[in-house]
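Each of the two complexes below includes subunit A, the first together with subunit B, the second together with subunit C.
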Partner chain A sequence: MKRIYVNEAWCLGCHLCEYYCAFANSGEDDMVKALKGVTIHPRIQIESQGNISFAVSCRHCPEPLCVKGCITGALTQKDGVITIDENKCVGCYTCILSCPYGAVMPGEGTAVQKCELCTRNAQGSPACVAGCPNQAIVWEER
Partner chain B sequence: MPVNYLMPEYEVYRNPARCIACRACERQCANEVHHYDADLKAMVADDAKCVNCHRCVSLCPTRALKIVKSDHTFRENANWTGEAITEIYKQAATGGVLLSAMGNPKAFPIYWDKLLINASQVTNPPIDPLREPMETRTFLGKKSDTIRRDAQGNILCQGEPQLELKVPIMFSAMSYGSISYNAHASLARAAQALGTYYNTGEGGLHQDFYQYGANTIVQVASGRFGVFSDYLNAGAAIEIKMGQGAKPGIGGHLPGAKIVGDISRTRMIPEGSDAISPAPHHDIYSIEDLRQLVFSLKEATHYQKPVFVKIAAVHNVAAIASGIARSGADVICIDGFRGGTGAAPTRIRDNVGIPIELALASVDTRLREEGIRDQVGLVVGGSIRNAADVVKAIALGADAVYIATSALIALGCHLCRSCQSGKCNWGIATQRPELVKRLNPDVGSQRLVNLVTAWKHEIEEIMGGMGINSIEALRGNRMMLRGIGLTDRELSILGIRHAGE
Partner chain C sequence: MRYVIIGNSAAAIGCVEGIRAVDPAGSILLVSQEPYHTYSRPLISYLLQGKTDRERMKYRPDSFYDDHGVECRLGTAVTAVDPAAKEIVLEGGQRLPYDRLLCATGSQPFVPPMEGLDSVDKKFTFLSLDDALALERALTADSRVLIVGGGLIGLKCAEGIAGRCASITVVDLADRILMSILDAEAAALMQAHLETHGLVFHLGDSVSSFQEHRAQLQSGGTVDFDVLVLAVGVRPRTQLLAAAGAQIDRGIVTDANGLTSLPDIYAAGDCAASWDISSESRRVLALLPNAYMQGETAGRAMAGEPKPFNKAIPMNAIGFFGYHIITAGSYTGQAHVHSHGQDYKALFTQDDRLKGYILMGDVARAGIYTALIREQTPLSTVDFDLIMEKPQLMAFSRTDRIQKLGGAPC
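Here is the complex of A and B:
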């Protein structure tokens, strides 16, 4: 399965992946309209200290702790991609506590949010990968 | 409050309707032009720090930015231009030599743009390079003028050492130190993929790049930094640098602040010591002295590698080239006055040297008149901007060309000409780790390969149009060129006819 991998050697810490993520999941077709004056809640986030930085998003673990811990069956794994059904999520945050990468986070409503590899938005393939200026985020089979 | 004589050259224009305050511009600008004002909830810019490198413009996700030339002006004066006045202010404040980077930007004639290329019509057919073989391979080195045989009468094939180029384009000398590790890695990998060569410049060869030795030209310059037996034997050829187009007649100076870590080790000088390349080689004051170095280097590499001698295009270039050809060098490289640099005194860069087109034509003519053109290869550089320039250079008599500015532009350089600041936002002319990492060699080498591959296609198309199917048949074929808007004197130096003749 193609997964998102990050290479901290090439990460510039520009945070553009976060903005491309937020735009891709906004449902808008214009970035300015989607993000102007908005505090973004991206599903990929840059961790940094000093000159070292890298992007963290869902690893789509083969044996996902978040899916195991989900009390309502809102998180499911299909073809390797872990997605969330917002209608089933009750916001108990068990998944947030159980994810070792901190890749699941509270969403704007009750439901949690996480990277779904842009499979459920108009982008079709990960927007963070397409938008990374230095190929520090790649989407590939390994 | 001191008097401020220097006004910003550029203004950062931010379209407030498009800016989403993502702060990418702020994070990407090593000159600290942009910052986010939390009170205003908006991005603001300090125009005075902007060098116009377009890093912020290129990364802005909403295209909210553009850089415009300031229309702040002095009173109109055709003699005392704003630039002339500003330079005086700078020198009055510092007492120093003005420094600049990259090639001569002044409005001198560009002869490439006054040369027109021929094409076949009716009497000889053009060739379609997509359907018929087209040879862009060429060899650099001495060409034998006699056939040698052994005692049994068999032809001896072992000639002088040659470099095989799959395309007549090489990457010219840029030292590790003047450009970054990742820029070097990009050049080395691209040279290997393209079947051509890159050049170490005077900074020595980083241990990591010995693996690209078969595609490396190692340089020996007046400072002799990083030169030892392994280095000489690592490369495919050795280049003696006598001069550089951007600053003929003067040496180089890499400040001690940049001599850190790997650069110190590669150059073989202590950390923090200034790397000063003298203006002359202190052991070369004549062609005979040059000959000694040429043969010292040949001896050190067992006569297996061609030795290049690189000079700047200066007034007496034809006679100098004739001397170099007789010194035993295998290839002469000539660097025109538009050639780039990481730092040069502005007055030297803008006023010393001559155009490469005229130097090339006069050298090729002179060597042919003296019957020694076959004894040397001829490589030219100093602002080869596109495939047509390559074709014109070869038709004027070059065997191959060197490109460096074009290569850096492919890597992202925007010719902001601020290399000397060491704060290159594109990760090219800098040693700051957080900036160097901005140039991913996976991306950089691919862009270089793309550029040269594109030029190769264009060279094939142009040659095909002329009905020529190999670089060898184009070389020195000045009948394929015509001048436009040139004087008789210029035409005679270039050895071409005027358009219409």
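Here is the complex of A and C:
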């Protein structure tokens, strides 16, 4: 399946991926309305230290520990993509305990949030990839 | 191939999915004492709290059994397993054959003998949906609730009913709450938090006797109550396989494929004992993620394509009134403790490995620590200061980072 791959050698640490992610998942069609003066909660997050930086988001593991461990059945995997049913999630954080990448995080409500490859928003394909100015984040088959 | 599964919770469901990942054709019969569609047992406290409901707490969709070709006998108790005949015996005497059997019978509440317990009219355990519904029926806004047991079950029950009763008093023999997952400092922080939500604790104490609505404490005090919840502990439900001759060591002894000491009989979940790599000992790891993974592992093995699960460790994610705890592994070796306000972190290292951790408050990205324990990653291969500071992939070598984010995922 097509996955997001990150190349830290090309990452500028500009955090644009975080903003594109937050915008894509905001439900707003105006970027200013979605982001201006708002504390964003992106599902992709930059780690940086000195001159090294890279983005981290869900790897959509073939043997997903978050899905297997989910106590409610809110996390499921279909056609390789792991999504969350916010209606079922009670915010127990077992997925945060389980994810080896640290790619599941508390959301703005009770439910956790994670990258769903923009399959459940209007974007349709990963906004972080489209918005990365240096192709440090790609979405492809490998 | 005829598969039979006894149980209908996480391990049983994992087994169904494990079997079907390998064998789309064999027949699966699932027998469960409880009459309900599979539900998430840990959600019973959330049900009472109003954070979920009967529909949303279903562990799998309504179509699950049909989708996976499972014949169900719900509300049916299994009274015996006959390994020689390869049959199970249902209440009423009906015998059903199996080629491969999974025992996923879970655990049962442990209620120690207590003087005067018979005089208490409203007393409950808190492990099943029926327990929760019965407790709910007994509760009124005026109820004074006494919970015996300040562990995971007792306190989760307390959180669930806190808004629906007049008072909650917790008595525990241990000198701190959540003894199984917290150290003394973390337990004190959580206790203080729970006290701000009205819970009253009598720790290092126990009930010496009950007289109807009054509990006499060992220390000399008394607690008056209307509703009693007994949450002292649970025991693996091993009776069926013990009677069939399986090796029992607290839980049903299983190997990394879930196989018991009896041929073609597997066990998974809270009833089973398996190898804990963090303490290097055989333990009952009664927690949902392990139950699912043990069940799935057993299912694959039952269907003839074993994929051993040999990375089991204790782990818990739990929260009370918005204050979160994530813990994993064993608290052995050197402790590295950082405490700041409500945020608490203790990491335990030994022999160049992370053996266990406790995070409270800020629990972000805890799974990176869990993976270090599970994969037994040598700490000499990561940046120790960075990993102590917080869970982050930056602590790994460049080669490892490139593999983690640019290579094949887990």
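The working rule: the second predicted complex is superposed on the first by the 142 of 142 C-alpha atoms of A that agree within 3 Å, B and C clash if a C-alpha of one lies under 4 Å from a C-alpha of the other, contacts with A are read in each partner's own complex, and residues count from 1 in each chain.
The rule is short, and it goes like this: contacts are C-beta pairs under 8 Å (C-beta built on N, C-alpha and C of every residue); 3 or more make two chains touch, one makes a residue touch a chain.
Everything numeric in this text was worked out from a predicted model, so none of it was measured.
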{"item": "Touched partner set for A:87, first subunit B, second subunit C, both or neither", "value": "second"}
{"item": "Which superposed partner A:130 touches (first subunit B, second subunit C, both, neither)", "value": "neither"}
{"item": "Contacts of A:110 with subunit B and subunit C, given as first, second, both or neither", "value": "second"}
{"item": "Contacts of A:61 with subunit B and subunit C, given as first, second, both or neither", "value": "second"}
{"item": "Which of subunit B and subunit C A:47 touches, first, second, both or neither", "value": "second"}
{"item": "First (subunit B), second (subunit C), both or neither touched by A:96", "value": "second"}
{"item": "Contacts of A:6 with subunit B and subunit C, given as first, second, both or neither", "value": "second"}
{"item": "Partner touching more residues of subunit A, whether subunit B or subunit C", "value": "C"}
{"item": "Residue ranges of subunit A in contact with subunit B within the complex", "value": "9-16, 19-20, 23, 31-32, 35-38, 51, 131, 133-136"}
{"item": "For the subunit A and subunit C complex, residues of the former touching the latter", "value": "3, 5-8, 47-49, 52, 54-56, 59-65, 68-69, 71-73, 87-88, 90-102, 104-106, 110, 142"}
{"item": "Of all residues in subunit B, those that touch subunit A in their complex", "value": "17-20, 22-24, 27-28, 58-59, 61-62, 64, 433-434, 437-440, 442-443"}
{"item": "Subunit C to subunit A touching residues, read off their complex", "value": "10, 14, 40, 42-43, 46, 51-52, 56-61, 288-289, 292-293, 296, 315-319, 324, 326, 328, 363-368, 370-371, 374-375, 386, 391-394, 398, 401-402, 404-406, 408-410"}
